[in-house]
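Take a look at the following structure, please.
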Amino acid sequence: MDLILFLITAAVALIGAIAMLVSRNAVHSALFLLLNFAAIAVLFLLLQSPFLFAIQLTVYAGAIMVLFLFVVMLLGAEQVEDTPDRIAWQRPLAVALGVGLLGVAVLAALRYAPGIPPGGAAAATFGDPAELGRLLFTRYLLPFQVTGIILLIAVVGVVVLNQYGRSKAALKPPPGD
Amino acid sequence: MEWLIWLIPLLPFVGFLLNVFVIRHERPAGLVASGLVAASFVVAVTAIAMLAGLPEEERRIISVGWEWINAGDLRVPFGIMLDPLSAVMVLLVTGVGALIHFYSIGYMHGDARVVRYFAYLNLFVTMMLFLVMGNNMLILFLGWEGVGLCSFLLIGHWFERKSAAAAAVKAFVVNRIGDAAFILAMLAIYANFGTLNFYEVTVAGEVQPGFLERVPEIIGQSFGPSWQPIALATGISFLLLIGATGKSAQFPLFVWLPDAMAGPTPVSALIHAATMVTGGVYMMTRTEALFAASPATQTWVLWVGALTALIAGTAAIAQWDIKRVLAYSTVSQLGFMVAACGMGAYVAAIFHLLTHGIFKALLFLGSGSVIHGTHDTQDMRKMGGLRTAMPTTYWTYLVGAGALAGIVPLAGFWSKDEILAHALSHNHWPQLIILFLTSLLTAFYMGRQVALVFFGTQRDTHYHAHESGRVMTVPLIVLAVGAVIGGAINLPWGHWLTDWLHPVLHEEAGSFNPVLALIATAGAVGMSYLGWWLYTSNAAKVKVGGKDPAYRYTGDIWDGLEEAWYVDRLYERVIVQPFRGLGDFLARVFDPQGIDGLVLGIGRFFGWAGAQVRELQSGYVRTYALVFTAGVVLVLSFMLIFTR
Amino acid sequence: MDSIQIPPVDLRLLTPLLIVVSWASLLLLIDVFVIPEGRKKLTGYLAIAGLAVAGLAGIPLWNVSGSTFAGMLVLDRYSLSLTWIFLIAGALSIAIALDYLPRHAIEQGEYYPLIMVAVAGMILMAQGTDLIVLFLGIEVLSITLYILTGFAYPRLTSEEAAMKYLVLGAFAAGFFVYGIALIFGATGTTSLAGIAAYLGRQPFAPQAETLFLAGASLVLIGFSFKVALVPFHMWTPDVYEGSPTPVAAFMSVGTKGAALAALLRFVAFAIEDARPFWLPVLATLAVATMVIGNLGALGQSNVKRMLAYSSIGHAGYILLAIMVAVEGGAEAFLFYMLAYTLTNLGAFGVLIALEQRGEAAWSIDDFGGLYQRRPLLAVAMALFMFSLAGVPPTAGFMAKFFVFTTAYGGGLGWLALVGVLTSAIAAYYYLRVVVKMFMQEPARELRPELSQGLNLEIVIAGVATLILGLLPAPFVLLVERSLSALGGG
Amino acid sequence: MVPTSYYILLSAALFTIGVLGVLIRRNAIVVFMAVELMLNAANLALVAYARERLSIDGQVLVFFVITVAAAEVAVGLALLVAIFRTKRTTDVDEVSTLRG
Amino acid sequence: MESFPILSLVLWLPTLGALALLAVPRDNAELARRIALMVAVLTLLASLALPLGYAPAAAASDGSLALQFVERVPWLPMLGASYSLGIDGVSLWLVMLTTFLLPIVILSTWDSVHKEVRNFQILMLLLATAMIGVFVAMDLLLFYIFWEFTLIPMTLLIGIWGGSNRVFAARKFFLYTFSGSVLMLLAIIGLYVLNREALAAAQPGYPGTLDISAIAANLRSGVFRLDPAMERLLFGAFFLAFAIKVPLWPFHTWLPDAHVEAPTAGSVILAGVLLKLGSYGMIRFNLTLFPEAARWAAPAIAVLAVIGIIYGAIVAFAQTDMKKLVAYSSVSHMGFIVLGIFALNRAGVSGAILQSINHGLSTGALFLIVGVLYERRHTRELAAYGGIWKVMPVYGGITLLVALSSAGLPGLNGFVGEYTIMQGAFLAPELGWPFLGFAVFGVVLAAVYLLRLYQTVFMGELDNPENQGLQDLNRRELVTLAALCVPIVALGLYPAFALGPMQASVADVVNGLANTVAGRIDLLP
């Protein structure tokens, strides 16, 4: 039962990812990615992580994807890849490298292959958001604080990077630009 | 007593220092230079008198000044010695040297650099004295190269003349070739005997052996590749022979001497006739033990000497320049001496060296007097009939010419005859014939020269010929006397020289062969007359640009003789030009493009590689990611596949 | 449901870090609300003061060591020494920026606290003993640097550099996280001590450890990106060139130093037992880095870019020390970092002095005849160049000597060989600058401007470069002491 | 129960697709999306391992990764907007003046 | 001896002078020159204490070097590096050569340096410290630091005050010699590490040492053994650095460029002292530390040396630029020195040291001589001159003396050195007569190219009107050249003066060689 659910979800995730890769329209890409994220969220649930399931949906599928879509719309950047690719030679190389990467990853995974997961020994509390929260405030207190800093500088960064006040005319571009 | 012999070379050296650093004017320069050499002569006579007072076996005064080189394995003292062989050489050098110094006062009068001239001349005497008085090979070599330097300086005294400058350099360089062989010989001597001293000497309380006494030790030893071993004695003595061919202007290195005539004539007399060029003969005589140990080299020496005598003799008959005749004659006579050495007749060689030193100096000074009196004319075609204008010169010159030609009883006859007699008695037939022919040639070209210069009428009347002053004629007269009576030192009946040199050379007096003497004298007289006759009877046909009267008998061979068998031209083609070409190739092609090209090529390669790296840095972020991914794949596959 | 008991935290151990972070946060506010526009230098001075305070606060900790936050953070002399180096780097970077920013009309108060936050991230990387902490440290540093790189908005090169840096940085972060995931999968832990214990529990058998090796590789790659090891280096030249020069200076010593510090801890402490497996990989990377870095700098006519490539090359040298960290390499690493930090900041300082208002003066021709116009500046630059090239008697030489000595002693003689050979190549491009300055005529009229801060920075760097080169003993001693308890998490 | 390796294979595949996205796509926004996909793949692996080992730490890690991803995206998009304002494009190939 | 750090004084006096010069205004040339000259003379005077106080002594029994005037202060205790100075018979005269040439060179700058005079003097004094440092440093690290530091002032001297192509030459000089030395750095490191590892087995916690004398002692006593392959590698690394510096054929191509472009004073120092750093290093390191490898490599190196002797001479002959001619003559002469060193016997090595001094004096003088003409006519082309002996008699005379010294005329210094070297090489079982058969051509060719130079420049007609007004030497030039001529003559007549004190040390080096079992190549059947 689980397996079937897994296979279906996995298929959806893969399809979403591939579709994102090949869509020429950025909005489509974003939507396919959304699909992929949702599928992954389902997988999280399968893996007994309800908290992450929620986070995945709200933060990723929700906030981040909206941000993406917003920016795409804002900039009108749905279709920027109409011009010919200047480094088209790179595409086959990229695919080859992707295959290679996948190869070594599969090799790593298979060689390890414990095969069957620890059968049902999961405690009832496994994946309990409360447990997660406790860890965050005990063992992972430091990383937790640091994420705070990261978010702070992200905010500052967004502000700094878009200084509307600065006049372009005040600047001469450096020679060579 | 020992210090006395240091005075002999040091007195002229003082003269050199004074003339370089103190004296600025012609008169004091000449007087100081001549006076000091004369003083040296006096000291030498005194010292030799003392030497003669010693028992025969002890006639050797060695004085070590200081330890010259003390480099561990190599130790050489700076010491000089006086023994019978040195003594005769010292007398010749200081005696003839003093006369030529006096002569120079007159000859060089008014020259712009006369002070320097005398300084050089003094230095030359010093060095020549070191050459003959050195108690080891290295001191001998010091003098050897020192006289070479002075020769360079004096030939180049009138350096404004391109020919003089070139001749000076040529003399030094050709000598250097011989010197290189000399150095090799010294190296080999030291390597095998552990010393360069001729005789045992005590340095700072320590006895150093001499190698001459130990020559038998190396007999039978050989060196070189196993398929072609060379006897050690042969190797060493052959190298010394090459050294001697350079200094004594033997074939094949004689080419510098005729050119050296570009120097002032007294220089030619002193250096290129009487003393320096005999250095090689002296050296071979000194190291006679080494030559004696190698019959092979002896044969070479004999042939070199004989061939040189012939080649130079044939060249001498075709020259127009009064000094070049004498120069080739000198080469030829040196060949006689070298041949004598090759026969083992060292006393004869030294005897001839001494007499030749006197009469050739006389001839050169005489020619100098002629040149002086004809306002720097050297071409005999412009002379003629000078015997009336320059009687003293004429008569003294005649004596010298007779001595050279080997007319009884002049000095040259006795010494030359001793060599020929030795060749005869030791059955060196081919060489005997060659040397005999050469002596006939000698008589011929002297007859030719005397006829051209002093007989007939003056062919070029642009100058007024006059006799030279007393300062020049007196030395001529003194030398002429020497040329007459010089033979007395080793007459077949007295052989005083043989006895005197006996402690050094251990030679017995040879036998006198009256038949040979008669034939030789007859030949000399005959050929002299022939030469005289040919050129007095054809005197009118002699002119600049014209052919020699003898041309019609010999044809084009005569031109070849005039060019001394084209040896110079051969060297130019075979050695000098290829060397220049090689130099140009190495300096302009191989070095900058080959070696340096390689060096710069390495740099360029890195530059190219750097350009490739920058090429990859295309600016496309996706390319960067691609390279990144490639790195990931490589690292992962390395970890996962290759570390199994 | 029981309440969460926050475990006690030994705050003493993170005094410098805390001071830097809180000072930075406070400064952000002060900058916005107190300091008037046009006097933003004040913020800079305050930032320097903060860094100085943090440094001073570290002094009493010299004899303190211990770990806190459930073993995720450690204070030892190693991290403390690095902290000081980072603080110096930060302070000097601020000093050279004080005048640069207004001159280029990009003065904004946020610059200074951002640098401080970056320093905090670096300290975190030096002190962290858990992969997740290291990851977050990297991210703090990286995100700050993305911002600082793009600080010269709207100068397109600056934005381009930031974009490239960000894309590749995020790309690398993906690999890093995946590596953490694999390691977690293999070992069940992310703490360095846990990994070391996992490896130490049995003779290491590679067949069984595929997963772990793959994870470790990816983590190494993540670090390699930050350190700019070839082939993960390609962002470096573009980003350095595009960034505001003080930022490039900071990055060249800061990011690199922090990433190397973390790498060293990871390599020497966590995966030391797997040495036979990572050694060939790192060795290959080191060779590639030394060669490519120096080759790229060759013939570079843009001095800023040249310094970027040169920083790649130097990373290769430092990597040698890291590979033999347990055999004395750590000392060499610290000394190298110190020497390189001072020298490189000095060189960038000169570069900044050459930049006139809004104008880039990075072309090698701009250095032409500098000796005529500003002899002392030229001498200082020559000193830095010689130090970077490793010509005695400079800090750079001593540092190289230490690194090569330890590498040789650790059995990496052939890598040291590559090292000395590539430093011979490197001499070429460093010398080019010297040649330009002293032996050629100026290409155009430039009046280098030296503000007080810049002056001070160059003087400090120059003197330190000389002293470290001539009398390194006290520093080496300090460094040696600081390693008495390496990895004691 | 689904074997962990299935999850890992899926995660590897997604990760690779993400990598390809960065390598192939030119639209900077899509590039960012691809990066997000890579991070998500890593998250999936983490959660899978956490499940296998019954160690909830893996899930905590995912939490941090998501936060970082969010921060990066925020800064990245802000940068993109900034560039777009000057350059009027989001094509990463157009932003390639720095080279050599 | 420990009472007064005389070596430190000699070593740092020039640097102190350089620092003092910083206080002089940049454009006050005269004052700068005077101060520099004073410092140089003081250094010379101070250094006189060295030969006066030097007592030739046999080597210590433990195999360490018999050093004198030793100073040792810990410097980097963790590496066993110390500020360790000392001289022995090998370095004594080289130090003296340096301090002797320094005032001469500075005196020559009055006539030959016209811009940035103060800075020129500063660099010259710094260079002096570096060069003396190379000779007196008895610690590998210290040695290397001085060794490399010589490059910086010299490069700047060439690059700032040089001729038209000075930048290229300066760059080439720096890069070539620097590249050559980096392998030596690695070899120093290797020597240190291997020595530490060898001794740490017996004494745990041994920090290692960089002290040359201690390492030599360890090697000789067998406590520290190098396996042959490693010894050869280390030997090679050291040798490459020295071979480039010397320069040995075919590593010589930097030299002509550097010489031609360098200012006169720079050329003098370059030829006079810098090249000797290489020959000194060969004796101090290659022979002393790696005797086995030295024996192994000697024939091959001697072949290069002999090629260099002849090649340098031939190329010198083909030059039209006087400085280039002299530069290539250095290649030839330095070939002799290398030949002597790798004769591996006392005659060869002491000859090489003596010849190092001789070459420093005579080639230094030759460069000064070329500089004299260059200052007057601003050309170094041979063709531009001819017959100038007439207008410059004193100059011509001194030139002749120096040229003959360079050509190896007996009675002057060059001959003694060359002959001693040749005798050493002849006696060496590894080399022997075939080498000399070629090397001796160098003697012939030296006469060829030097006399050709002399003939072209000084003899012949004074046909170029520009040359007719040439002034003979002024007082300063006369003093500088005469000062060089004194030792040229003195060493020619009484070389034992210099050879004596070095014998004990040379014997020490050679004995170290003899103790090793050698796979020697017999040229004799």
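In order of appearance the chains are A, B, C, D and E, and numbering begins at 1 in each one.
As a convention for this text, contacts are C-beta pairs under 8 Å (C-beta built on N, C-alpha and C of every residue); 3 or more make two chains touch, one makes a residue touch a chain.
It should be emphasised that the depicted structure is a prediction, and the values quoted were computed from it without experimental measurement.
Annotation of subunit A and subunit C: jointly contacted by B, D, touch as defined at the top. Listed here as common contacts of subunit A and subunit B: C, D. A comparison of the B-C and B-D interfaces places the larger number of contacting C-beta pairs at B-C.
Closest to the protein's overall CA centre, chain by chain, comes E. Here the spacing of subunit A and subunit D, counted between their Cα centres, is 4 Å. Chain geometry summary: the mean Cα position of subunit C and that of subunit E are 43 Å apart. Averaged C-alpha coordinates put the centre of subunit C at 26 Å from the centre of subunit D. Work out the mean CA point of subunit D and of subunit E, and you get 64 Å between them. Residues of subunit B in contact with at least two other chains: 603, 614, 617-623, 625-626, 629-630, 632, 636, 640. Taken residue by residue, subunit C touches two or more other chains at 132, 136, 139, 143, 146-147, 150, 153-154, 156-157, 162-164, 167, 171, 175, 182, 185, 207, 210, 213-214, 237-238, 300, 428, whereas all remaining positions touch fewer. Looking at subunit E, residues 175 sit in touch with two or more other chains. Touching chain pairs in this entry, ordered by label, are A-B, A-C, A-D, B-C, B-D, B-E, C-D, C-E.
Looking at the complex, you find that subunit B touches subunit D at residues 614, 617-622, 625-626, 629. Here subunit A touches subunit B in the complex through residues 86-87, 90, 93-94, 97-98, 100-101, 104-105, 107-108, 111, going by the rule given at the top. For subunit D in complex with subunit C, the residues that touch the partner chain are 4, 8, 11, 15, 18-19, 22, 28, 31-32, 35, 38-39, 41-43, 45-46, 48-50, 52-53, 55, 57-58, 61, 64-65, 68, 71-72, 75-76, 79-80, 82-83, 85-87, 92, 95-100. Within the complex formed with subunit B, the subunit C residues making contact are 163-164, 167-168, 171-172, 175, 206-207, 210, 213-214, 216-218, 220-221, 224-225, 230-232, 234-235, 237-238, 276-278, 280-281, 284-285, 292, 295-300, 425, 428.
Residues of subunit C touching subunit E in their complex: 371, 375, 382, 386, 389, 391-393, 397, 401, 404-405, 408-409, 413, 416-417, 420-421, 423-424, 427-428, 431-432, 434-435, 438-440, 471-473, 476-477, 480.
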